[in-house]
Amino acid sequence: MRSVNYSQFSFFNIYFPAEFVVHVEINRPRKLNAFNKETWTQLRDIFHLISTDPNVRVAILSGAGERAFTSGLELSPGLLAMLNGGDYEEERARFMTRRVIRDFQDSISSIENCSKPVIGLAHGVAFGLGIDILSATDIRICTSDVRFSVKEVDIALAADIGTLQRLPKVVNSLSWCKDVVYTARVFGAQEAHVQGFVSNVVASKEEGLEAAFELAKIIVAKSPVAVQGSKHLINYSRDRTVQDGLEYTATWNAFAIGKDMKDAVASTMSKSKPQYGKL
Amino acid sequence: MRSVNYSQFSFFNIYFPAEFVVHVEINRPRKLNAFNKETWTQLRDIFHLISTDPNVRVAILSGAGERAFTSGLELSPGLLAMLNGGDYEEERARFMTRRVIRDFQDSISSIENCSKPVIGLAHGVAFGLGIDILSATDIRICTSDVRFSVKEVDIALAADIGTLQRLPKVVNSLSWCKDVVYTARVFGAQEAHVQGFVSNVVASKEEGLEAAFELAKIIVAKSPVAVQGSKHLINYSRDRTVQDGLEYTATWNAFAIGKDMKDAVASTMSKSKPQYGKL
Amino acid sequence: MRSVNYSQFSFFNIYFPAEFVVHVEINRPRKLNAFNKETWTQLRDIFHLISTDPNVRVAILSGAGERAFTSGLELSPGLLAMLNGGDYEEERARFMTRRVIRDFQDSISSIENCSKPVIGLAHGVAFGLGIDILSATDIRICTSDVRFSVKEVDIALAADIGTLQRLPKVVNSLSWCKDVVYTARVFGAQEAHVQGFVSNVVASKEEGLEAAFELAKIIVAKSPVAVQGSKHLINYSRDRTVQDGLEYTATWNAFAIGKDMKDAVASTMSKSKPQYGKL
Amino acid sequence: MRSVNYSQFSFFNIYFPAEFVVHVEINRPRKLNAFNKETWTQLRDIFHLISTDPNVRVAILSGAGERAFTSGLELSPGLLAMLNGGDYEEERARFMTRRVIRDFQDSISSIENCSKPVIGLAHGVAFGLGIDILSATDIRICTSDVRFSVKEVDIALAADIGTLQRLPKVVNSLSWCKDVVYTARVFGAQEAHVQGFVSNVVASKEEGLEAAFELAKIIVAKSPVAVQGSKHLINYSRDRTVQDGLEYTATWNAFAIGKDMKDAVASTMSKSKPQYGKL
Amino acid sequence: MRSVNYSQFSFFNIYFPAEFVVHVEINRPRKLNAFNKETWTQLRDIFHLISTDPNVRVAILSGAGERAFTSGLELSPGLLAMLNGGDYEEERARFMTRRVIRDFQDSISSIENCSKPVIGLAHGVAFGLGIDILSATDIRICTSDVRFSVKEVDIALAADIGTLQRLPKVVNSLSWCKDVVYTARVFGAQEAHVQGFVSNVVASKEEGLEAAFELAKIIVAKSPVAVQGSKHLINYSRDRTVQDGLEYTATWNAFAIGKDMKDAVASTMSKSKPQYGKL
Amino acid sequence: MRSVNYSQFSFFNIYFPAEFVVHVEINRPRKLNAFNKETWTQLRDIFHLISTDPNVRVAILSGAGERAFTSGLELSPGLLAMLNGGDYEEERARFMTRRVIRDFQDSISSIENCSKPVIGLAHGVAFGLGIDILSATDIRICTSDVRFSVKEVDIALAADIGTLQRLPKVVNSLSWCKDVVYTARVFGAQEAHVQGFVSNVVASKEEGLEAAFELAKIIVAKSPVAVQGSKHLINYSRDRTVQDGLEYTATWNAFAIGKDMKDAVASTMSKSKPQYGKL
């Protein structure tokens, strides 16, 4: 029986397609899965739950329906007012703007900070916030008909919830990256693949889910101690000197090496499949 | 009427091919656009002017003539003497060497620090300093006949005005990068494209200028608040942790969100084209 | 006559195929060149010697025999016990684990810290530790039949001697990188090339050595002041802001510019080949 | 009427001794105000509330009763078991230990991250956790009979919730700091004052509260935009280069300069007392 | 004859009281040496000149007249308008505010970036900007009647040109530092001395100048290579890890050790006074 | 029986005055304990041995004889030649200078990197290198007749083996620090105490050793897991943001909490004295 309660989220479908695999689906298909304040709050809460749920080892994130991963932020009057600081005046309004952005950033960072790997499946429209979210996932797959756009400049905004920080660190060419950021032009699966934004292109959303499930099944069979350590240590080291990354990693493995390694080595010897405890 | 005076630069041609677009052309074609001390001083002054000129939103940088973007530093006796500390002796000469390099670095960094995006168009010969300069631009285009070389080791020099800092951060493969740095070998458009150094290859310099103008026109139609913010924030975040990048960005947008976003959203609603104020 | 004594290393063959070129070969072919404690100690000692040996300007690293670059760490009972802290109990055992990892990291970092460029030639099996080692080399070549794997999660280990720090900084796509880290799946030459992990693919180990020798010969003809400076400055700058990299580089070249540059410029004028002093 | 509800905290008394001033009192006097898990969770919740409560501009933190600010962590069997990873085994237990420490750190950091200045009043016993908490406050006052101790080594623990990070950055001498950390010896008001740990020594807790109220009243009369900005910017700059601190500060004040400054200047001219809006 | 022209600065008196010593005096005594835009521009220009003037080895900075070092920023309507972005509207005005602050910061940082040591002599009133300036000098002396205040919060401003970055790094106690920042209270010579803000207290401005001249004379007799290196390396290392500071310093001294050291050692042997070349 | 061999060091006396305490004495009293190359090599080797010797928990460092802790570097012709790059010419000589400095730095850093606390006892003359060494110890005591000097500028040298990095981080006032660095003036016990350079002043070397032994005895009775962790974590955190220090510390204690804490708590309950295992 599942002890963590995932039923409380109105804007997301949450499935468990296989042992240790959770599938999170943004569920506002009529709005092209656009995000309002409630949606981003729920996103954070979901990935906080996943992060410490011992029954989950890998998460898959997609949009509901065929048309969109997400069309981005829903530009409702309420949300625009909130971004402009609500009823406060002048610098107080701007303190509020800053607070709203920090809160929204925390929501997207919950994917990166989630201790379990997250596979992003992009399909249909993946605009604006869609790029922010996907850049925060670990492994990205897309369908051949996907349409990506770093859309923010089209609403006169420098993207502020992760794209400008993470996109240049996950792709190939900074020249290409600035091109798509400054122009907000739409690009497709082929270009995303060549630039390394996605590492796999599939024919349809259905195939994409299958590919994600296959990948997830491989990962959940590995030691969660090793997989979760790897995610944390890659992200930590990305932001620091090689020397600092090495020292932190040695300190990490001083506690993380133990029973799982013994079991893995024993399984290798006996050619059996290791069974790792939950984490 | 243009209030900023760009007519004072003997080594550069400065054109205004379209509203908000400036085209800066290195103009020593007989010397293959090689740089002496005066040239790099003028380069800095030009990009300082552009940085705060409200009539410019995008700059394009190319070489005059067909033969070269630039062949690099002009190794005149005077310049070599200056690099070796002039008439000073021993450690004092080396203080002077350090000062000259710092001054030259500031010149090249003026492109990166310029608040407006800079599109580099490489053509013909782009050797040594040419790579330093191009690495500091935002978006790089090249002609199919371009010949690049990180030439510095051929004059027994570890490149010291930007290539070793920026090139590894704008391209794909560090293995490739060290290959071209240690060997000073010439590489062409195809290789530059695969490695992500350029994001577009064109048939001729003329086509290259057209491509650059097209790109520039798209960018100048966007909010300069959003575009200039994006450039600054990408460069800031490249050098820092994702967390620091996010915090700085939230603080930035606390002041940068305002009228432009309201205009952009209103234009989207009314399907009109937004007109943004100068910046 | 060679003054540095390289004859003391039981697990390595050391050749001098050309002036200024050393070829280091991991020599446990019956064990697929797997590493035990003694092997990694010798690796560090060799690269310390090379780093200050004026008769070496470039090193090439490969495995002995056709079958493997290296199959990785030899999981002997003794080594596993050592990784688990030996006879100590609880937190003391874990202090020992940390110390062993730090020592092992130092061994691999000796390749990066070696002042001379190191060309890695991957062939046959290059698993686990093989990726850690190759990521620490400067330029990577592989044979078309190579089989790479970031194998560590298969022994329930987050890779802790360099792969998680360096691999993301030498390749294209972080999505691809996490894919191969989390799954430990085998990938080949083509994939390694597209991702930028290697910059050259050759048909056989023999051809690979020839390609490495050719590359080495080009590099050893350059000023060692310039080449060693370039290696140091690229690695230093990779880990720091562009500004810090520039300032450090100016300080470096304040002492590194001198006779070699004068000789190089004179040779260019006289169209002769410069002869640089040893370093 | 107060809109924020502070009545829900069983282990804290919360008073409002003056407009814009909150007084938070650790309230387990029979246990010398020792902390269990619930206490540190409440501490975090309280400072989160204060951070965005527009009716609070300064917080004062003390212990209930005369005998102790806090004697530190309550070493109950349950808490010790939790610190040792609960029922999990080996490396999983240690993942849990790490998670508990991170959670506890977040609680203490909530004082530093609280946007309003926090004045710590130390009195009686202030051991272990008491130093962690006080180091995270902004301004420290103590009574002449206070007894401080960095107590952690006496339970065989390297202090892990802030003292080792913050204490060396708030006091004078690193030699003194390591002395009191390694020996866990008790030190008094005089020594704390000379070392700069406290900036004011008072005769009794009663006098201390008066001094804190006086100080608080001065601060609450200032612009909260300026005071909260100052706290944030000092803490941000403490951890970064002067250059980074300056750049961040310029970006911050680009939004924070506004109506309050106009009001302040106008008040200065008219020799009236400015009334600032809530924040 | 002096080749550098210091006569062009209307708001400063510039004296040369001894060989290699320059005395810079803020010269608006009727305005209590308050700063307007022109004043801060001149300050920067002066310290840029000093930084590379081989005839200067130490600078002394004081205010003209007895009444004030400086009363801080002159809050004229023009300056307030400029700080508020001039005629621009909304976010554009805030871009301008940011630009003004950055420009002002550069002015103050010119003291820190000046390659020669700067001795600050505080006397009379040293409010607001006075603390920013003094924190950027190397060695601080004050008269016994000095009145210091981190005045910025009294105009509803978080100090933004250096105090929040530098003051905590030059004094003793962070508790004291935040106290004087949040309250803007006046403090005197004794308190400044105990906290380490000044290292010498003298009876009058006259005595202070004498003390400064004495100190300057000692410093100008030392090797300028060593003194200027020490200033640069202390400031560099203050902002970085000890390891990075050490590596940078080794690289620095690789060029800075030379003739001066030989002369110094020879002088020690012969008990003569070394004469060092200009720098 | 002692398994580590400390008898091989010609320039040091090594005593074991109490269980777990080692006393290292610089032993060239006729040369005022000046350092030549061999001395600094031995210093490093000794602290490497101590760092992993389970029979040592605290080290005390002093000079032999009454006259000097150390008078600093011995300026022999051979050492000066080595500092100037030996027989190499121009930039090669400067590579050698850099290598010598790096090697010397490593020697001094071995005190900071030693996992056990080091108490420095300064007496008599403590010039130049003496300050570098003392700044790298953890706790400093001095005799009332000590004479300190940051002597390096007197040989035209910017101190390059630690003083410029560490001294500003262990004392009170940066103004004072720059004063003694730029002037090389002698200062005594009282000044060192007020500035926090030493935390204890004693009447004589004999009393100093007694004070150091008393302090050492207190520390060796504590858990070495806690003490060594505290040293490492304070030094790590000194160089990084508070956030990074906290995260690293949580990871460290995830392995370091264990049997010692259980023993410590049990001892507290039973009011017995805990006996900790060696480390």
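Per-chain numbering from 1; labels A, B, C, D, E and F assigned in written order.
Definition applied: a residue touches a chain if its C-beta (ideal position, glycine included) is under 8 Å from a C-beta of that chain, and two chains touch if they have at least 3 such contacts.
Just so it is clear, the model here is predicted, and its values are computed rather than measured.
Participant: So if I look at the partners of chain C and the partners of chain E, which chains show up in both lists?
Facilitator: Common neighbours, chain C/chain E: B, F.
Participant: If you check the contacts of chain A and chain E, which chains show up for both?
Facilitator: Both-contact set = B, C, D, F.
Participant: Return the distance between the CA-based centres of chain A and chain B, expressed in whole Å.
Facilitator: Chain centres of chain A and chain B, defined by C-alpha means, are spaced 33 Å apart.
Participant: Give, as an integer number of Å, the spacing between the C-alpha centres of chain D and chain C.
Facilitator: 48
Participant: Which chain B residues reach two or more other chains?
Facilitator: In chain B, the residues touching two or more other chains are 94-95, 97-98, 169, 172, 195-196, 225, 238, 240, 243, 251-252, 254-258, 260.
Participant: Quick one: which chain pairs are touching?
Facilitator: A-B, A-C, A-D, A-F, B-C, B-D, B-E, C-E, C-F, D-E, D-F, E-F
Participant: In the complex of these two chains, what residues of chain C are touching chain A?
Facilitator: Touching chain A from chain C are residues 75, 80, 83-84, 94-95, 97-98, 101-102, 105, 109, 112, 152-162, 164-166, 168-169, 172-179, 181-185, 195-196, 238-240.
Participant: Provide the residue numbers of chain A that touch chain D in the complex, in ascending order.
Facilitator: Residue list for chain A touching chain D: 52, 89-92, 94-95, 97-99, 225, 255-260, 277, 279.
Participant: Spell out the part of chain A that touches chain F in their complex, as residue ranges.
Facilitator: Interface residues on chain A, with respect to chain F: 248, 251-252, 254-255.
Participant: Quick one: in the complex, what on chain F touches chain D?
Facilitator: Residues of chain F touching chain D: 117, 138-140, 169-172, 195-199, 215, 218-219, 222-223, 225-227, 229-234, 237-238, 240-243, 245-247, 249-258, 260-265, 268, 274, 276.
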